[in-house]
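Below, each structure is written out as structure tokens.
After this come two complexes, each holding chain A, first together with chain B and then together with chain C.
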Partner chain A sequence: MITYTDHRKKSLRQRLRSRKGQQAIIIFAFMFIPLLLLFLFTYFPFAEMFKFSFYKMKYTGTRTYVGLDNYKEVFENKQIFSSLKLCLYYMAGSIVQLVIALYLATMLSFKTKGGNIFKGFMFFPFLINGIAIGFIFKFFYTRGFVFDTVLQWCGFNLENLPFWLRTQGLNNVSLVGTSVWRYFGQNMVLFIGAIMSVDAEMYEAAELDGANKFQQFMHIILPSIKTIVTLNIILSITGSLSAFEPPYVITNGGNGTATYFVVMNRIAHTNQKVGLASAMAIVLLMIIFTATILQKLFFKFAFRNANAEDEVVTSKKRRRNKVSKKQKEAV
Partner chain B sequence: MRLKKFVAIGTAVVLSLSCVACSKKAENKKDNTKEATTETTETDKATDDTAEAATDDAAAEQELSYANIVLGESYTDITTTIKVYNHRTDMNTEDYPGTTWSEYVAEFNKMYPNITVEVETDTTYADNALLRLQSGDWGDIMGIPAVDKADLSTYFIPYGDVETVSKQARFINNWVYDNQVYGIPSTGNAQGIVYNKAVFEKAGITTIPKTPEEFLAALQAIKDKTDAIPLYTNYAAGWTMGAWDAYLGGSATGESTYMNQTLLHAKDPFSDKGDNTHAYAVYKILYDAVAGGLTEEDFSTTDWEGCKGMINNGEIGCMVLGSWAYPQMQAAGEHADDIGYMSFPITVNGKQYASAGPDYCYGINANSSDDNKKAAMVFVKWMTDKSGFSYNESGIPINAEDNNYPEVYSAFEGIEFIADDPAVAGEEDYLNLLNTDSDLMINAGGNTKVQQIIENAANKGMTFDEIMAEWNEAWASAQESNSIEVNQ
Partner chain C sequence: MAAKRRKHYGVGQISAIFIKYFSLVFFSFVAVIPIVSCVITAFKTDAEYQSTNVMTLPENWLNFDNFISAFKMANMGRAFLNSTIVLVCVLIGSILIGTQLAYVLNRFNFLGNALIRNLFLFASLLPGVAMQISVYNIMQQLGFINHLYGYIIMMMGTDVISIYIFIQFMENISVSLDESAIIDGASYMQIYWKIMLPLLRPAIVTSMILKGVSTYNEYYSANLYLQRPELRTVAISLYSFTGPLGSRYNLICAGVIISLLPALFVFIICQKQIYNGITAGAVKG
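And then the complex of A and B:
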């Protein structure tokens, strides 16, 4: 039995033995390692990189402090600026990807024949390594190879087909295609998971009220999974800002496909301008921050009506939880 | 409840202990190495003492230099393990058609059985080598990557001064600082064009083209008369594009001082000189070939490994690659005899030249133990003098007394090899500075700029003169920002 009488007189040993002290020890012991790892491998390198961004430096050799010159160059360099424009392709791609994923997720969450097989097939690309996907699509898009052959089966004439990786503009669409192919399955699975949690009674009620499937989707499913939709959109937009694997592996950033990351990689490793590349990374971080905040604000605005409906659902759930708790207690 | 608590504390303790154990281990290791180094210094001292008493012979042995090493006699008593880090991944696989690394090492061990050699290779060597160099953890011998000349002595030990080493080895000028040589070439290459003789014959080309016009006419003839791709660009591989830079020096100008001296101070080095020479002529061949449809139809999906078989089978007319490519193209199929090599089609004042220079050069780690430094230098000398590496890889021999040139160099009869002279003292790092600031990266991985030529030619973007003007501008602004004097 512990008696809480005189707190001041407790020795360190006693304090450590007390319930509070034990809690503190456990908390500290458990937090220390993950925090240490987090600091060592995330915040410390980041701080170093932030420092590098103010220097003109290579990996080897002397470093000179140049102040904000690197940041100035990020905005003045034509190559870097044009690479940012490519993000638009990837953002458009991520919207397409989310629409496809949401559509298929809705389809598959109702009763579908062979639903699980479809889910498996569509999720599969996500399991393949990104570099391997790059190599697959390199041959997929090569003139007269897989894609052209398939299109020829469909009656297209090879003469009329474009060069998928050579024509500027179209090559970015081709690259975005690979990224959509890879990630839509993963988004779909996340959506299915969220849709599963929607109360089936609500569909029944809606059907009784005469709502069709599309109305059910708009008014029941979408508001119920809006958190996961928002999350996926934010992740896809940030992902499209930092697209790297498809252009790096398939085209090596050539022919107008060099995204921000590919340019950054080239500047850091080939041109050895480590300071400039670090500044680019910091600028990208700022862009991602801004994009995320803007999206948050946008969704707050877009879902302001849905909130009311959502509350109904949660309060209903809460009530049911209470009931089940009471039942448990009774048992 | 108690059990839970126990388990929780237990795991916490185990986790933190494992962390402590790790750091302890690291400390132990440190101590060990410290001990080891003190030991070696002690033994060194001991040998020092005996050496002092001994003859000049031993004193000569003390000073480690390339020229003093006599293979089979020097340092035979050393027992150690050295690590070699380099770019020849193909040589580290058993199905390599030539001599593999393990075969070279086995041969070396016949002469030096006590020196164990471990070879590590890397596919993205140029980039990774720089990172590894910075970390210090790379072994004892490496192919020197693009470091600043001023930093050479921090990473590598000198082989001796230029005069002494140049009596024994060729192409040592690439890594010279303060008159000291820091890199011995693994092999030497001449720059030319690898072509398929059968395709050229079928197209009715009887004499080897000597000027850009003749060369483009030959490509046109191949296009008209055969099914082969006249010139395969290898755009997608990237580094094969940067390889075009190798022709800027000797091949395009005939001056050994161009690359490391003239270019640094040149005003508008990329503009048209009017006589089909210099950088302008080199890159214009590429631009005109692409614009005229004389290259593969889809440059974006070229395949480096595949092209070897294609040129061997006569599906490709020619490719612009150094002489090192010749044996690889021969080995890629059944028509080894069809593969030929010719010099780059530029004639300067009626005479043809060919840039010749070193491949990667071996540098020896300045932070290795003394024994390892000695063993490493012995290995480097053995590789250049005794291994036959250069000959096997169709390279120009590095040993200065070895005049046994491989077959491929018969194509260079009447053509003068030009090896680049080193930069003037004090200007060793100018080329690096200019390369970085102009983003052109000449002879240092500047693949993008050459790819740009193909893109613009194929997509009817910028004209060739516009591209060259842009490069001139970048070069000029880099010269200005580094306050390098420009000769008018």
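And then the complex of A and C:
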């Protein structure tokens, strides 16, 4: 009996070993194309971009090596560096967006009449393509058109209303508004998904204990979606550094709405100063990576205490259990 | 029972319910009003558009003239054909590539497995707009510009989210299935093709919808690499409304609505899968 199973195991192992070669073939065959595409369209261009940033060049024609001149220009050119400031608008917008999404997700995670319809309405903007959004909002913000009309319904006077896309400063707020409009539903769906993963019995138990909705939110919902909220905060900050779409499709960067990437895009594809644009891209990537790492460290630090407390509690529980077990045994 | 409960509602609870539904209605209104205004305008004749307020309802809801002329003007028939070709090729390609890569990464332990996963993850952190500066150069050297196949090949590449959806899903497919197939003498290719692919179907549907929506809506690279008018996809066919039309928004809105219809259609049919995809895609972080 024993020899039989041994024999079987061996033969299986042998078979597997004979498959080593096959394994290597399948690994190679299945990874060749994805890796080729990854290197061709991501890592190779990335390396190229790094190289370009030291040259003065167009897409075609001669290249001259200029050392760090492009980087100097990124920091010295006022237009370029001031465009980075616009990311503050987008950062504020993304915080507003997260708060709205979290609020609505909490509302919808309790029993709601017509919940799916509300959800669908608020989510749909996420599925619209960028160019269409550009047209929709050019139309929406035009003087005397949709937005002004809705405000007039609310009792505002058209003469007191500003030009939403022309007034400097305000136009950035309008643009950020479109981005909030587009993504708050998607964020909401994300949060609903996270909230739904909480055990429903928790709510029942909390209700029996007399916890109101707000307490349920603070002590059950919020802790369980902590990670996904944190992740979204990190994403939204890096996202606002690389804000591009709203100004690109709606104002084309006019009237002081040109974010860093819009300026970069213009320099690369309209002015064809490829070296300078590459340097801009590299600088922004550096900033994004630093910001991401700093935030990760910050959140690790901020949550460290909470986690430590949890551990203390569980270890105490464990000890208590052990003690009670020992006591039982003793009895 | 319900009646009894209703009696016990206090003022606080009633106002809480009021606030809840008020905010839901308010934000739904905010989400929908820009689109609704477009629909309203798309049905108006030129004279009507110029003489009435944008939010005044059109006289004739069956006036499809704008849709027809927008469709012709932007050559949207051709654009839909192009978008369909791109969609079908990109979806088939990226599903095959993604499932194969996920299969190898999930089932085999080899040197560099973790490294490759990280390479894909890191790639997703690089903002696409910045990368196009040098990708443009490469596309030019490969002769991929102004060819649908060039754009398709580029779009099939970097797609971390679906790879992660596949890997996550595969972790729940028991390895003993593979093992018993091996004992029965199946090759790895057969295991992938006959066991993995069919079992992965839910994950494939999810990633197809996500990838499909993002491909259909992609306009930045399409605009860079498909410059000839006859190659335009639906998303960039809308560009033909920028120059000569100026502000004939009744026509433009009709074009916008036409371009939204496929997304709306898919959304109504596959709501659940889309929501699942959104949540699944986020977990990978």
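One rule holds in what follows: the second predicted complex is superposed on the first by the 280 of 331 C-alpha atoms of A that agree within 3 Å, B and C clash if a C-alpha of one lies under 4 Å from a C-alpha of the other, contacts with A are read in each partner's own complex, and residues count from 1 in each chain.
One rule holds for everything that comes next: contacts are C-beta pairs under 8 Å (C-beta built on N, C-alpha and C of every residue); 3 or more make two chains touch, one makes a residue touch a chain.
Given the structure is predicted, the values throughout are model-derived calculations rather than measurements.
Participant: Could you say whether A:26 touches chain B, chain C, both of them, or neither, answering first, second, both or neither?
Facilitator: both
Participant: After the superposition on A, what does A:206 contact: first (chain B), second (chain C), both or neither?
Facilitator: Once the two structures are laid over each other on A, A:206 reaches no partner at all.
Participant: Which of the two partners, first being chain B and second being chain C, lies in contact with A:59: first, second, both, or neither?
Facilitator: So A:59 meets both chain B and chain C here.
Participant: Name the chain, either chain B or chain C, that contacts more residues of chain A.
Facilitator: So, of the two partners, C touches more residues of chain A.
Participant: Could you look at A:272 and tell me whether it touches chain B, chain C, both or neither (first, second, both, neither)?
Facilitator: A:272: touches chain B, not chain C.
Participant: Looking at the overlay, does A:100 come into contact with chain B only (first), chain C only (second), both, or neither?
Facilitator: Once the two structures are laid over each other on A, A:100 reaches chain C alone.
Participant: Go through the superposed model and pick first if A:244 touches only chain B, second if only chain C, both, or neither.
Facilitator: The answer is second: A:244 touches chain C but not chain B.
Participant: Looking at the overlay, does A:198 come into contact with chain B only (first), chain C only (second), both, or neither?
Facilitator: neither
Participant: Thinking of the overlay built on chain A, is A:118 touched by chain B (first), by chain C (second), by both, or by neither?
Facilitator: Second partner only, chain C.
Participant: So which positions on chain A get touched by both chain B and chain C?
Facilitator: Chain A residues touching both partners: 22, 26, 30, 33, 59, 142, 269.
Participant: Going by the contact rule set out above, which residues of chain A touch chain B in the complex?
Facilitator: It comes out as residues 22, 26, 29-30, 32-33, 36, 58-61, 79, 138, 141-143, 163, 165-166, 168, 171, 251-256, 266, 269-273.
Participant: Which bits of chain C are touching chain A when the two form their complex?
Facilitator: Going through chain C, the ones touching chain A are 16, 20-21, 23-25, 27-28, 30-35, 37-38, 41, 53-55, 97-98, 100-101, 103-104, 108, 110, 116, 119-120, 123, 125-127, 129-138, 140, 153-154, 156-158, 182-183, 187-189, 192, 213, 216-220, 224, 234-236, 238-239, 241, 247, 249, 252-253, 255-256, 259-260, 263-264, 266-267, 271, 274-275, 278-279, 282, 285.
Participant: For the complex, give me every residue of chain A touching chain C.
Facilitator: Residues 12, 15-16, 19, 22-23, 26-27, 30-31, 33-35, 37-38, 40-46, 48-49, 52, 59, 100, 103-104, 107-108, 112-113, 116-118, 120-125, 127-132, 135-137, 139-140, 142, 144-146, 149-150, 181, 184-186, 189-190, 192-194, 213, 228, 231, 235, 242, 244, 261, 264-265, 268-269, 274, 277-278, 281, 284-285, 288-289, 292.
Participant: Quick one: in the complex, what on chain B touches chain A?
Facilitator: 5, 8-9, 12-13, 15-16, 19, 127, 130-131, 133-134, 146-148, 150-151, 155, 235-236, 238, 297-301, 303, 435-436, 439, 441, 444-448, 451, 455, 458-459
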